[in-house]
Structure formats: C-alpha cells, structure tokens
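Both of the next two complexes hold chain A, though its partner changes from chain B to chain C.
Take a look at the complex of A and B:
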C-alpha cells in the first residue's frame, strides 16, 4: 500500500512540473492572443483591455496559479476563437480520441500477442521469418508516411475505405490501424522473445515432470510468465498512442483532442492549447503509472505483501 | 542377491544416448544397465558430465528432443518399455507412478502461481477430483513433506519460501499421487549444508512411507553414505561399479571409486595436499580406445587400452575392470 501511495505522490510531482512547463511554453512562445480573437482593425488600447480581461497582463506565475485553481474547480475557461466551453470541447473531442485510441490499443494486443505466440511456437519457420520481417518494417516506417501510404492505397487506388472524417466504423479502420502499427510490431517482438525465454526455464521441466500436457505448459504457464513484460509495457503504449494520435488525427481529419490541439496552437487559442496539452500530459503520466502498477500486479515477485 | 522379477520396478538395459553438438552426435551414455527396486534407495554417483542426469531424464521421457536422442537399449517399467510409449501414456505415468525432483528449487517452480495452485493442477490432471478435494490432497502432501504451516503456505508464492521449503514443495509435488518410483537429481546440492541433512531425512522418510524405489543422483559421497542402500558409480557414460553401500565404502574395487574415496579429506589427518585423481574425463567426442578410465588409472595394463572391459558380476555387485587392486587408505 505504501508503494502505491509513493507512486501516486511521484505522479503528482510529475504532473505539477509538466503543467508548469506546458503553461510557460505556450505563454512564452510569443504571438499575440488578441490576433486570433479580435479583428485586425481593433485598436491597441482595446487589445490591452482585452488582455487584461483574460488576465494576460499579470505576472506569469500568478496566471499559473489562477489557472490551476480554476481547472481544479472544473472551469478551465472558454475557447478564444469560438467561445465554446472547454469542458464541452473536452467531452466531444475526448470521446472521439478515446474511440480512436481505444481501438488502436486493442488492436496492438489483439494482433500483436497472437502473432508473437505463433512466431515463438514455430521458430525459424517461414511463418516466424515472415512475422519478424513484418515487425521490423512496422518499427521502421514513420507513421505519417504509413498514413499517407494507407490513404493512397486503400482510399485512392482501391477505393475500399474512406480517407477522412468521423465517426463511422469504416472511417475508423484506417486511422486505427495506422496508429496501432508500430505498437503491433513492438508487441510481436516482445511476445516472441518472452515466450522463447520462458520456454527454456527450469519450471517448465518441473511442470512436464508433473505430467501436464504441452498445451497446458505452454498455453497457461509459459504464456502467463511471458505476459509480465508485455503487460507492464501496456501503460507505455498508452503514452505512445497519445503522442502519435496527434499526427494521425490530423491526416485523417478525425476530430479528437490532438486535432483540436494542433488547430488551437496554430490559431493562438491559448485556453484550448493549454488545457488540451495538460490533458495529454495527464494521460501520458497516467499511462506510465499504470505501467508501473500493472507490472507489480502481474509479477507476484514484486508484491511486498505476504 | 535375491531378486525376484516383481520387485524390480525400473530396469534400464544397455541404454545408449547421444547428444548433438555442432552438427554431429556424440555418445554420452554408453550402454548403462541399472535396476531400481521397490523400497530401496539406489544412489547413482559420478562427477558432473558423466551422464547421470541424462540417464534420469530419459527414464522420465524428458530428454530435450532437439539435442539428445536415445540410440539404443530399453527402459522397462514393470516390464513395459517406456521408450516406445506414446507421449500421452508417458504423461499419465509422470508424477502418478514415476516422479522426479530436480536440483535447483529456486528456478524450478513457476513463479507466477501459488504453490497451492501448482499442486492442485498436477493432482487434478491425474485424478478426477473436485477442486476442494484436490486442495485437501495438496495440503496433505505438503504436510507429509514436512513443510511447516502447510495450509497457510498453499497461498504462498515460490519466492516467499526459503530454499529448503521450496525443495519440500517439490517433494510434495512429486509424491502427492503416491508414485512407485522417485528420481531425485541432486536434490540437496543447491541447499545449505544444514538444510541438506533435513531434506535428505524427509526424502528418506517419504520413501520408506510409500515404499518407493528411489534413484538418488549425486556427486557427494556424504549423501551416498547417509541414505543409500545400493550404489552405482558412473564414469564417462558407463557404470563402472555397483555394490551395496557398506561394501562400496569398506572395499571399493574400481580404481575410480578408490580415487573418489581417497579424495575425501580426512579431518583427523595432518594437513597436506588433498588427493585428486590425476587427469581429466575424456571428452565424448574422442573416447579412449579401450577402458574409459585407463588414461588416469595407476593400475592400467596393456589389455586395458585395447578393449573396453565389460561390466561383470562380483561377489558383492558388479565391476568393470580387468585389473583391480585392493584399496589402501
């Protein structure tokens, strides 16, 4: 229990430091907030008043504390460009990102683990070599290039799938696969090597001596041990997907948090940019924390209780 | 010696096993014959690499198939050749009639399952019993292996137990189904000396309770002296001497056995160099032309180098030597 609380405290510190960094980065990146919100003809005095009204004339650290207290009270503010409530935007865009991210996350394990197991069971066969080659390609291809390739191939040339938009299942297929691709490749490799490593462990010999069938030994015992590193990396996978989702959402015009964030930064929409960056940071930190907790849960040797 | 056929549980007859190394096969077990009988502890002694573990694994059918291969001989269990058995039938025998425990309890137990669930799984794969029945049998097996707090320990993970306790779990795992034969491959080598004695005692007690035929593999003569009824000495893939434990220690006949006995440090003697057997074990790739031990033997004569001596019966057991000399300490 102490362990969990310790990690929560650590996570909190990371969150605070990250939120400060995000806040300052956006503030200090220059550009004029008023340029986005007010028409070009507005006078300088008006702009000053406007800035004062949203608190931009106060020292940065005061702005930070004011902001954080507002966020924690559930009121992160409104978008400068269209005055939409940020909470509403979060709900709408968040749902879309969750669908896309969730689909990609599921694909990573639903495809990666079985392929990895298959490769480990048929070592050095054609299947094994094929799967591993696919894995190397998957890790090497930059995902924006893969996205463009997918669009060109499936949408443009074969006309099988839509190239953009939201939110039908058909429109989800391409972006989810592109987003999941690298994760699948990594998971395949990890699963294969973890399975092979565990197959050579002494406890396998003991289980066979106990008269258990090969199915049981491999399918239950070896697999359960092999899943430990994979489960622990699942949390990191969240961070990776959150990061890449930005690009994928842009290319496929999937209106998630990433896409909203990119648009907001380009338009200098401070409230949106700040809040959504914070959300992404929270997600990544949560993902890492989950990875830690998941690893402890999966591997009994790390549990300190008795 | 009085041997009736139904007493003999395991009869290894002229077993030959080869190992693959860098493309070719080399013989590492060169015609081993050994019996394991009811209610008897046979110790198989020899140094590392002499082939004793491989012999044991082949009885259980656990030889790694891609590396090792039985090239001759037979292994009979109650008259039936285990080498010809289908894997499904062999699996039924394992743990139920023929069991094995291994050397290193630290790595030999699956770390992600509780020892209770491990025991239950093995029990349920051989007997049609309910979960709670299997649980009761598991607890009883742990108690009979003298693991303290057995019912609480059911929920423990292997890493929560000490080495001695883990070995007791292995013993429980191997004897839960009351097998007739137990093969123990260096069960105490990885344990502290103080724990070794306790584990050996538990093993012997269990063996006597179930009247099992036990094959205890070791390189430690102290273990042999402590528990053996009969001893077979193995060198470079073959049995070179076999006798009852008292006969072997009182009057070792084979030069190798004598060398082993002579190498035991005497705590009362004045300090001096320890006796070691000169030379090294011949590699399986280049076997000597005659007797395997001739290059290191101080009694070797001409014919020793020409033809491999046969394992012949003596008044007290068996011996593979054409020129034995009496042993002087």
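Take a look at the complex of A and C:
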C-alpha cells in the first residue's frame, strides 16, 4: 500500500514536471504567435496590443501559472487560427480519439492474447510459425507504411473499405487495425512466452501428476498466471497508442486529438498545440502509472521489496 | 562459443578434463594464428548478420554512389513527365507527381535517412555513455538525477516528444535529430548505468580504487571498454528506431522540408496517386523496409556474435 501511494506521489511530480516541459517546449518556438493570428498588414502597435491581450508580454513562469490555473478551472482558451473554443474542440476531437484509441486498445488484447495462446499450445507447428512471423513483421514494419499498404489493398484495389474519413464503423476498421498492429504483435509474443514459461512450472507438473485434465490445467492455472503480467502492464499500451495515433490519425484523416495537435504544430497555433499536448502527456503519464501500480499489485514480491 | 560449452560444469568433471583442456588449447591457438580470419568466418557463418551487412552495403552504396553515377536533379520538376512508371524514357524508377526523378530522390532519401540515423546515434552514444557512467559510478544524488530524468523521458512515446520539440523548434531535420536523440540518450544511459552499477563492485575496479586511481581514470580506462559493447548493441537497435522516426515525422510533414526528399515524405506525396502510379509510394516504402530490415538484422547478428550467452539461452528456450 505504501508503495502504491509512493508511486502516486511520483506520478504527480512527473505530471507537474511534464506540464512545465510541454509549456516551455511549445513556447520555445520564438516564432511570432501574432503571425498566425493577425494579417500581415497589422501594425507593430496592434501586435503588441494583441500580445498583451493574451498575456504574452509577462514573464514566462507567470504565464505558466496563469495557464495551468486557467486549464484547471476548465478554461484553456481559444485557438488563434480559427478562434474555436478549446473545450469544444476537446469534446469533438476527444470523442473521435477515444473511439479510435479504445478500438485499438481492445483489439490489442482481443486479438493478441488468443493468438499468443494458440501459438503456445501448438508450439513449433505451422500455426505457431505463422503467428510468430506475423509478430516479427508487425514489430518491424513502420505503421505509416502498413497504413499505406492497407489502403492500397483494401480501399484502392478491392474497394472493400473507405480509405479515410470519420466516423462510421466501416471507416474505423483500417485505422484501428493499423494503430493496434504493433501492440498486437507485442502481446502475442508476451502471451506466448508467458504461457510456455508457466507450463514448465513445478506446480503445473504437480497438477498434471494429480490427474487434472489438460484443459483445466492450461485453461485455468497456466493461463491465469500467464495473463497477470500482460493485463497488469496494459497501461503501457496507452502510451504506445497515443504516440502512434499522432501518425495514424493524420494518415486516415481521422479528426482526433493527434491530428489536431499535428495540424496545430504545423500552423503555429500554440494554444491548441499546448492544450492538446498537455492532454496527451497526462494520458501517457496516467497509463504508465496504471501499469506501474497494476504490476506492483500483481507481484507481492515487488510490493515488499520497496 | 566452444569455450562457453566447455566451461559448463557437466563437461568439466573428472575424465573429460584432459580432453577438453586439449581442445581448448587447440582452439585458442587457432584463434591466435589468425584471429581476423576466425572473426570473419564466424561472421559469414552467421547468416542473419551476413544478409544484413549485404543489404546495408547495397543501400549505403546507392546512397553514396547513386547520385554520382546517376546524373539528375532531385528538385527539377517537369509536369509533362509526371506520374510515370519505372523505366520510362530514361527515368530509371519513373517520376512522382511533380515529374521529379524518383531514382535520384530515392538515393538522396537514403542519404537523409542514414545521415539522420548517424547523427542521432553518435549524439546519443556520446552523451548516453558519459551520463550512464557518471550516474552509475558516482551513485548518490548524481545517480538519482540521472536515473529520474532518463526514466522521465523514457516514459513518453518517441513521436509525442518529437512533435512537442518540433512545436518548439520548428519543422526540419534538426529538431527531429534532437527529439530522437533525447529519447535515445535516455535508452543508452539506462543500459550503460545498469552495466556500471554491476561492474563497480567487481574486483578489478575495487583494486584500481584501492591503488588510488582517480574516478575519472577508472571510468575512462576500466569501465568504458566494458560498457562499450552493450552500448553499441543498444545503439544498433536505435539506428532502426531513428530511421523509422525520421520517416514517420517527415511523413506527417514535420521532418525534412520540400524539396529535400526523405523516404517518409516521398511515401506521403505518393499515397494520393496509388491508382495512377503506385510506384511513387511503393518505391520509397520498399526502400525503408529494406533499410530497417538491414539495420535490425545487423543489430541482432552483432548481439549474437558478441554475446554468446544470449544465443545459448535462446537455444535453451527453444529446447524446452
């Protein structure tokens, strides 16, 4: 318990430090924010006034505190390119991202774990070799290239699925699979090796010797022990999905947070960039913390040693 | 590798002792006779490493010599000749949507990928090895700072860090190198620090310390040679990471800026024309897969080559 609380404190520190880092990184740009918001003909005087109106003339640490307190009060400001409310943007893009990310997250486990179990049960068979080579490919192929191949095959050639867009279930299939691909490959490997490792445990041998059916040994005892690390480390997949969503959403024109963030960075729309990167960073930190806590809870040995 | 098999306790007992000692001496002598030949032989025996090296040399050759022998301008546009397939009127690999020569763009794209990977890896090796050794050897609060900052960076997905830095520094290859470099420094630092923490309890380090050798000299003369192998193996993985990251960032428009070709940017440019001329996207795509495959095969092969322990373990797992 003490350890869990300790990790909670550590997570809060990481959150604060990373929010400062995000704030400074985006502000580092030195690029003139007024260039994006105002027409080229605006006078210097007007630009000054504009800067003062959004607080850009104050020292940067004051800007940070002002910014964070505003975000915490639920008023992160507006986009400087189209004046859209960031809360409204978050609602719209956040929903889309949750759908895509959630689907990918579910796919990682719904496909990864059964395939891993299958490979471990039929070890060294063609099924095992097939699944494992799929997993090797899945970890080696860059996902934007995979996305392109998927579009080429399923959208251009066979015209089964739409190439891009949002948000019908049909349009969700390709991006969700591409986003989940590496996670699936990883989960397959982890499941397979964990199953194999546990099958060689002494207690499993004892169960078999005691006459328990193979089905119950594998299905109940081995599987349960093998899944503990995989489920408890599920939080790590959140970070992975957040990172790849930045690319996959862009490829499939899926209007989620990742796409909005990349567009904002390209357009120097720093309120949007700042707010959305803050959201993603918080998500990643939470995911890491979940994995950390889950892993500690699942491993009593770790709990005691700290 | 014979050494490793011979040193296992089952083999070193009683009657076999003389036999294996003889074998060992013969093996060592053969090594002394021509160490390079032995090295080369075991490299060529390692099929994965060999394939990786061959693929890597092909890509390297195309990157360096391609633009020398294949005379074309990567930025010259010709709308009349847009969207042409390979081998069209003197365009070796066809043209892209602006009628630019795909072959020369592929060669230059290889150059960009390799240069970014080299810069990132050199940067992260240099800083990572120093930080890891300092943190691991000095311990205490220095170590705490090193460890918590690397853990902090390591916690975030590479692409997110890169997008943030690009947001700060603006688009281009430099921010990409910085971003990937920072994350890779964390990776190398973690590996080196872990090694050093184990090494500094070893007798040879304690002996050096007892003899009054300065910390700086211990790190430089005694620890560095020992951490270099794991650091280099880690770095060989990170090369692939750097190549993919650069391509991905260029793909979404944050990396190499036009007209400079980058494999990722070329795929992005070509993906709209899959039905007209798919080569515009598939040529750079194949290029990147070959490049990444070559680099990771070299990495895996090197690890097997220099760390027989791992190979041994892997073999054991398979036998289970």
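Note that the second predicted complex is superposed on the first by the 292 of 306 C-alpha atoms of A that agree within 3 Å, B and C clash if a C-alpha of one lies under 4 Å from a C-alpha of the other, contacts with A are read in each partner's own complex, and residues count from 1 in each chain.
In this text, a contact is a pair of C-beta atoms (placed from the backbone, for glycine too) under 8 Å apart; a residue touches a chain by one contact, two chains touch by 3 or more.
Note that the structure is predicted; figures quoted are calculated from it, not measured.
> May I ask you to name which of chain B and chain C touches more residues of chain A?
Comparing touch counts on chain A for chain B and chain C gives C.
> First (chain B), second (chain C), both or neither: which does A:226 touch?
Neither: A:226 stays clear of chain B and chain C.
> Once the shared chain is lined up, is A:166 touching chain B (first), chain C (second), both, or neither of them?
In the superposed model, A:166 contacts neither chain B nor chain C.
> What is the contact status of A:299 with respect to chain B (first) and chain C (second): first, second, both, or neither?
first
> Scan A:278 for contacts with chain B and chain C and give back first, second, both or neither.
neither
> Quick check for you: in the superposed arrangement, does A:27 touch first (chain B), second (chain C), both or neither?
second
> Does chain B (first) or chain C (second) touch A:206, or do both, or does neither?
first
> Once chain A of both complexes is superposed, is A:266 in touch with chain B (first), chain C (second), both, or neither?
The second partner, chain C, only.
> What part of chain C is in contact with chain A in the complex they form?
The touching residues are 152, 155-160, 163-171, 244, 247-248, 251-254, 264, 267-268, 271, 274-275, 278, 281, 285, 288-289, 292-293, 296, 317, 320.
> Flag every residue of chain A that touches chain B in the complex, lowest number first.
Residue positions touching the partner: 201-203, 205-213, 216, 221, 224-225, 228, 298-301, 306.
> Touching chain A in the complex: which residues of chain B?
Checking each residue of chain B against chain A gives 60, 62, 91-96, 99-100, 102, 104, 107-113, 121-122, 125-126, 157, 159-160, 170, 173-174.
> Name, in rising order, each residue of chain A that touches chain C in their complex.
14, 17-18, 21-22, 24-29, 31, 140-145, 148-149, 151-152, 156, 196, 200, 239-240, 242-244, 246-247, 250-251, 261-262, 264-266, 270, 273, 277, 280-281, 284-285, 288
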